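Several structures are given next for inspection.
The two complexes that follow have subunit A in common; it is paired with subunit B in the first and with subunit C in the second.
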Partner chain A sequence: MTIKLRGAAAGLAFLGSIGAAQAQISDGVVKVGVLTDLSGIYSQIAGEGSVAAARLAIDDCLKAECTGMKIELLSADHQNKADIASSKAREWLDVQKVDALVDNVNASVQLAIHTLVKEVNSVALTPGGTSRLTNENCAPENAVQWMWDTYSQVAGVAEALTTPGSTWYFLTADYAFGHQLEKDATAIIQAKGGKIQGALRHPFNNADFSSFLLQAQASGANVIALANAGADSTNSIKQAKEFGFGDKQKMVAFLLMLPDIHALGLDVAKNTILTEGFYWDVDDGTRAFSKRFEAIYKKGKPSQIHAGVYSSVRHYLKAVAFGKTDNPKAVIRKMHELPISDDVVRNPRLRPDGRMVHDTYLLRVKTPAESKGPYDYYQVLEVIPGDKAFKPLKDSLCADLKK
Partner chain B sequence: MTSVYPPSIKPSPQRLLILCLLALFIAAPFAVYPVFLMKGLCFALFAAAFNLLLGYVGLLSFGHAMFFGFSAYITTHAAKEWGWTPETAILLGVLTAGVMGVVTGWLAIRRSGIYFAMVTLAFSQMMFFVALQAPFTHGEDGIQGVPRGHLFGLFDLGDNVVMYYFVLAVFTGSLMLIHRIVTSPFGQVLKAIRDNEPRAISLGYEVERYKLLAFTLSAALSGLAGSLKALVFQLVSLTDVHWHMSGEVVLMPLLGGVGTVFGPAMGAFMIVAIQDYFSEAGSWVTIIQGVIFVVCVLLFRNGVLGVLAPALKKRGIMV
Partner chain C sequence: MTTILGIPIQALFGQLLLGLINGAFYAMLSLGLALIFGLLNIVNFSHGALYMMGAFVAWLLLNEMGLDYWTALIVAPIVVALFGMVLERTMLCRLYKLDNLYGLLLTFGLALIIEGVFRQLYGISGMPYAVPSALAGGWNLGFMYLPIYRGWVVLASVVLCLGSWLLIEKTKLGAYLRAGTENATLVQAFGINVPLMITLTYGFGVGLAAIAGVLAAPIYSVNPLMGSNLIIVVFAVVVIGGMGSIMGAIVTGYLLGLVEGLTKVFYPEAASTVIFVLMGIVLLIKPAGLFGKGN
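And then the complex of A and B:
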């Protein structure tokens, strides 16, 4: 009897040692929660596509490093309300034991989530958004920002298009976000010897841009820059077309993405210049990824947010698998150690402030004649190396780095 | 056989119900997620404050988000930037909402019906513009990472359960205040104004003064709800001053029952539950919300509690 018990004990001990690798993962399952806008204005650039991208990243990892791991995917619609996002996120972290909050599209949501994960010690993987996330509101031990930020969207275009003597005119959405875009762009343009001809502030969610556009046109500036987002950008581009912009004056948009171009149509958007951190038709890797993504999403090619969700979740899971733990800070440290490699990003490097730096692209929207088919929308004008595309680390306002 | 209880402490069905509800809420954080409950309580208070105006004076304001949101901005700013304790920060927020209530109410109550709604909406849009532009509100980023602080320097509100009981206490107190207001002679006059304003005037009541006081009280209590919610979530964003918020607070009493004390709170919990628990339903959430509204409006003309009210009243329960 005693012998039998001893045998059983030894057997248990043996089983225990096998389980040790898994034991570090709390409750034995890694839970990834996609918190996004499934029903509102960002549902095209993020939304269901972000859920699909996370799904793809999990499937890919299960076939590779994560073999044998249990990974669960949750998703919720924050309806662009920071309080819904915050209460859902808290509930996920406290009750459901979610390990990483992903996407978090919309600035106020991002800031709320990054503050939260820092406070309760969890992980946020944010594919893009306000550059405050790696500056004033940084959480380098708990969060990463992957594909783009408001600075990189501006820097790509401003760096590439400014030549000494070139003149710029801004159409700026009149609130903090628009002012920030304009300020970042102005600094870069002036440093490169360009000149700011003028700037106009238009109200947030404006419908009629005609007077603003006419003033911009009359200014004679070489470049007309749209320091706005969403419906403000698409409306100004639509109305600019009515006034016949685009021959002498270049139209530049700081925050326009592939699904926006798809919605606008090439005839309206043609020749607009913009920056994105991802475009599906860059090389074989991006094409292969986009094809697999489309098979799940079924509503079109990935936006840079979708690509960012995929790439960040993929790297996060890899770090969990290699580090054999889902302890938030340990995983983030592992993410910094491991080289990033996937089909989505080029020359990637994760900086200490949580900013992932990689090549971005300067793009021109094709004319209907140049386009060969659906989603053949961009001509890559230039590849912008990561160091130029993102705000240099030395200028970072992240207080946690200086400790 | 007479009752064993002396008449004064005989547990009327009304008291029993309230005690049961209170017991339920005291036990609730151990079964339901406290942050969700707090959110429900804050919106319940907001809806009850709004109902003070809609249900008892018959004034439909479409700008209550300005009191709710702006008070939240003031409270969070005081708590975060000036390091005020939660109770003083909330007090400042409530005071701000009250002053805003006096100023906007003074102009708005001169009109009634749709014009009143439009005047309040106009003020609310102005305050939205201020919230979007003023440097201290940080535009669309909102004010984030607000410390909850220590209540009276004693209770650490950082703990969700402690915070919950604080919110519950404020909510209960405010609901008692609202109940006291509507059952007082002042409340009777308000109802008289609602039912027949010319008659109230002919009886010699200074109707405008009553309306203004009701408006101010409603504004201040809405501000209290906003301040509390901001501390619960430790953030305030443009959502809180947006006109959508003014719309939501109209829906809450309508769902639960206009002109009842508990109806608006119930409606608030229904909406918050829909928002939170259906958020995982993805892009269907807005459609589900819509269907529920339509069903409620068709089946419960006077709101869920409004329909039940007559039957409950027969049993001695006032809702």
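And then the complex of A and C:
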């Protein structure tokens, strides 16, 4: 079926008779809208880089399956506010006729967007975020979640470090995303016989962590887990070093990404254990993609969000080209049918709940002596196969699946 | 072990000490704000951005010119103060006769522009800045481990705050300044260059913010938003202390650091809001602020 379709589409492209395909595409143009944080704390892991990644995906598709198609790219800053994101998304969908909402970084934005695309029947391509997007708040007919989620971020680390009897203490960012990280981690740790010593909820975007760190230290737990992200994580790690956190208590971060390590410097971040769904220096494919990405972005290597935006948009456009339609549900169905293949993800498979499962990596941050230069930051400790990295489908809380 | 509401008393001491360290930053920043408001009648919303600039100048000095922390502590405030004085001479000076809402809007706009420029140039994740080697390590105080650097921050802040207070309240120059704000025309008639004095005052207030920025660089990540995260809290400090009251700003800065420190132990979720709750209460009971004279 797939091969036949691919052949047919390739034939169409070569014959230059794409006009027929465009007949099914509303207003003759596919519009991809990158809704992201262009100015706030996530603007380095997502932001402009996400726009650049979407650009690259569009360019790549235009050179392949999408030859002759008209594809437009829009971008907007949601300022990490769900209400701004919703109203911008509505304007895009109703007035500008945008076909797919991409990135949607920030959990509260993602939850709002998922509800919206389900309600008005559109498409959301989310590279990562809270695991609720494919569980309680799933929208399998309208949305996919690509690179990572709160479960995959904790699974690798928690599986690797939990031994029966080990004790954990959480520093949790006090909003939907942090709570989800903590919840997902707790389930895995308890299943493996670990014990949760305590958890502390700190305000989002906090600057001084010393007080929280001392409380974590006083708990006597073996592992102090950072269920936060961005500047909250980097400030925690920086200040933990300042307060002389020793070897007795291991510090793990559930959501540190490459740009964060760059900001911390290897001397501070060294030996931190973490998980990512993408690292630029895994193989020739990832290196080639990162090089092309850097040429557009010019501010460093891609984060896993950037890589996820590229891969998901690339696959979405392929599905539009092969399905010859931009009808939301039809494209999502086509995305499920077509095999995923690009330079970014390894052993990918799109599950019925909208979760794309693929290999993720358990990583250790190198010491300054081990690193050969800028962005040579990780040692891959383990490749975690997709089925272990993500929450099993049988445990999914997605109500739409059970219909 | 003695406990208070289930918290060991020793742990409580540790948290109070940490609160005092945060209070040191609040005090330095709110002092500059109070000074500028008191003498120039400008609500300086760009204070946070200038604090951030102080940290960035220190980072640039280290990475571009190889100048260490101690040099930065002197050079960065001078650079930022000069920048501030240019802003004052070219823009702010036109607003003195207008409602202070205009000053607020202008400085708020300036803050957004300065932050935007740094965000564009350096991104949002921030830059690493190491603790100077002379202040690395820490002391074990028995009830907590105190990094030497944090001790230094408190010391530096107390010296700066008291020095500024003495300068304004107890010296002849300070007397001129205070007189200039009361009646500029009269003071000018005595042959004192009031506009120059005002420019220097703005430079001094801004320089204080920059010193706080340099002091903060090794503790927090040096990033373009570090100021905007802090400035709202600092404004609350100034309002609680009483707009324009120098001593009020200093004392309230330290006090609120302590209150915030305690909140982080008893109910961490409220740590970012407790100051605003207090501000609401103070405004209800004593609208001029704790140390304000009110009129």
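We take it that the second predicted complex is superposed on the first by the 334 of 403 C-alpha atoms of A that agree within 3 Å, B and C clash if a C-alpha of one lies under 4 Å from a C-alpha of the other, contacts with A are read in each partner's own complex, and residues count from 1 in each chain.
As a working rule, a contact is a pair of C-beta atoms (placed from the backbone, for glycine too) under 8 Å apart; a residue touches a chain by one contact, two chains touch by 3 or more.
What you are looking at is a predicted structure, and each value in this text was computed from that prediction instead of being measured.
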First (subunit B), second (subunit C), both or neither touched by A:218: second
Which superposed partner A:43 touches (first subunit B, second subunit C, both, neither): both
Partner chain in contact with A:95 - subunit B first, subunit C second, else both or neither: first
Which superposed partner A:177 touches (first subunit B, second subunit C, both, neither): first
Subunit B versus subunit C as contact partner of A:74, first or second or both or neither: first
Partner chain(s) touched by A:205 [first = subunit B, second = subunit C, both, neither]: second
Partner chain in contact with A:259 - subunit B first, subunit C second, else both or neither: second
Common ground on subunit A, meaning residues reached by subunit C in one complex and by subunit B in the other: 39, 43, 47, 174
Parts of subunit A lying in touch with subunit C, wherever the complex brings them together: 39-45, 47, 174, 200-203, 205-208, 210-212, 214-215, 218, 230-231, 234-235, 238-239, 242-244, 259-260, 262-265, 267-268, 299
Subunit A partner contacts - residues on subunit B that touch it in the complex: 33, 35-36, 39, 132-133, 138-142, 144-145, 229, 233-235, 237-240, 275-276, 279-283, 285-286
For the subunit C and subunit A complex, residues of the former touching the latter: 11, 14-15, 18-19, 21-22, 116, 119, 123-128, 130-131, 138, 144-145, 147, 149-150, 219-221, 223, 225-226, 229-230, 261, 264-265, 268-269, 271-273
Complex contact set, residues of subunit A against subunit B: 38-39, 43, 47-48, 51, 74-84, 86-88, 90-91, 94-95, 107-108, 111-112, 115, 119, 130, 132, 137, 174-177, 204
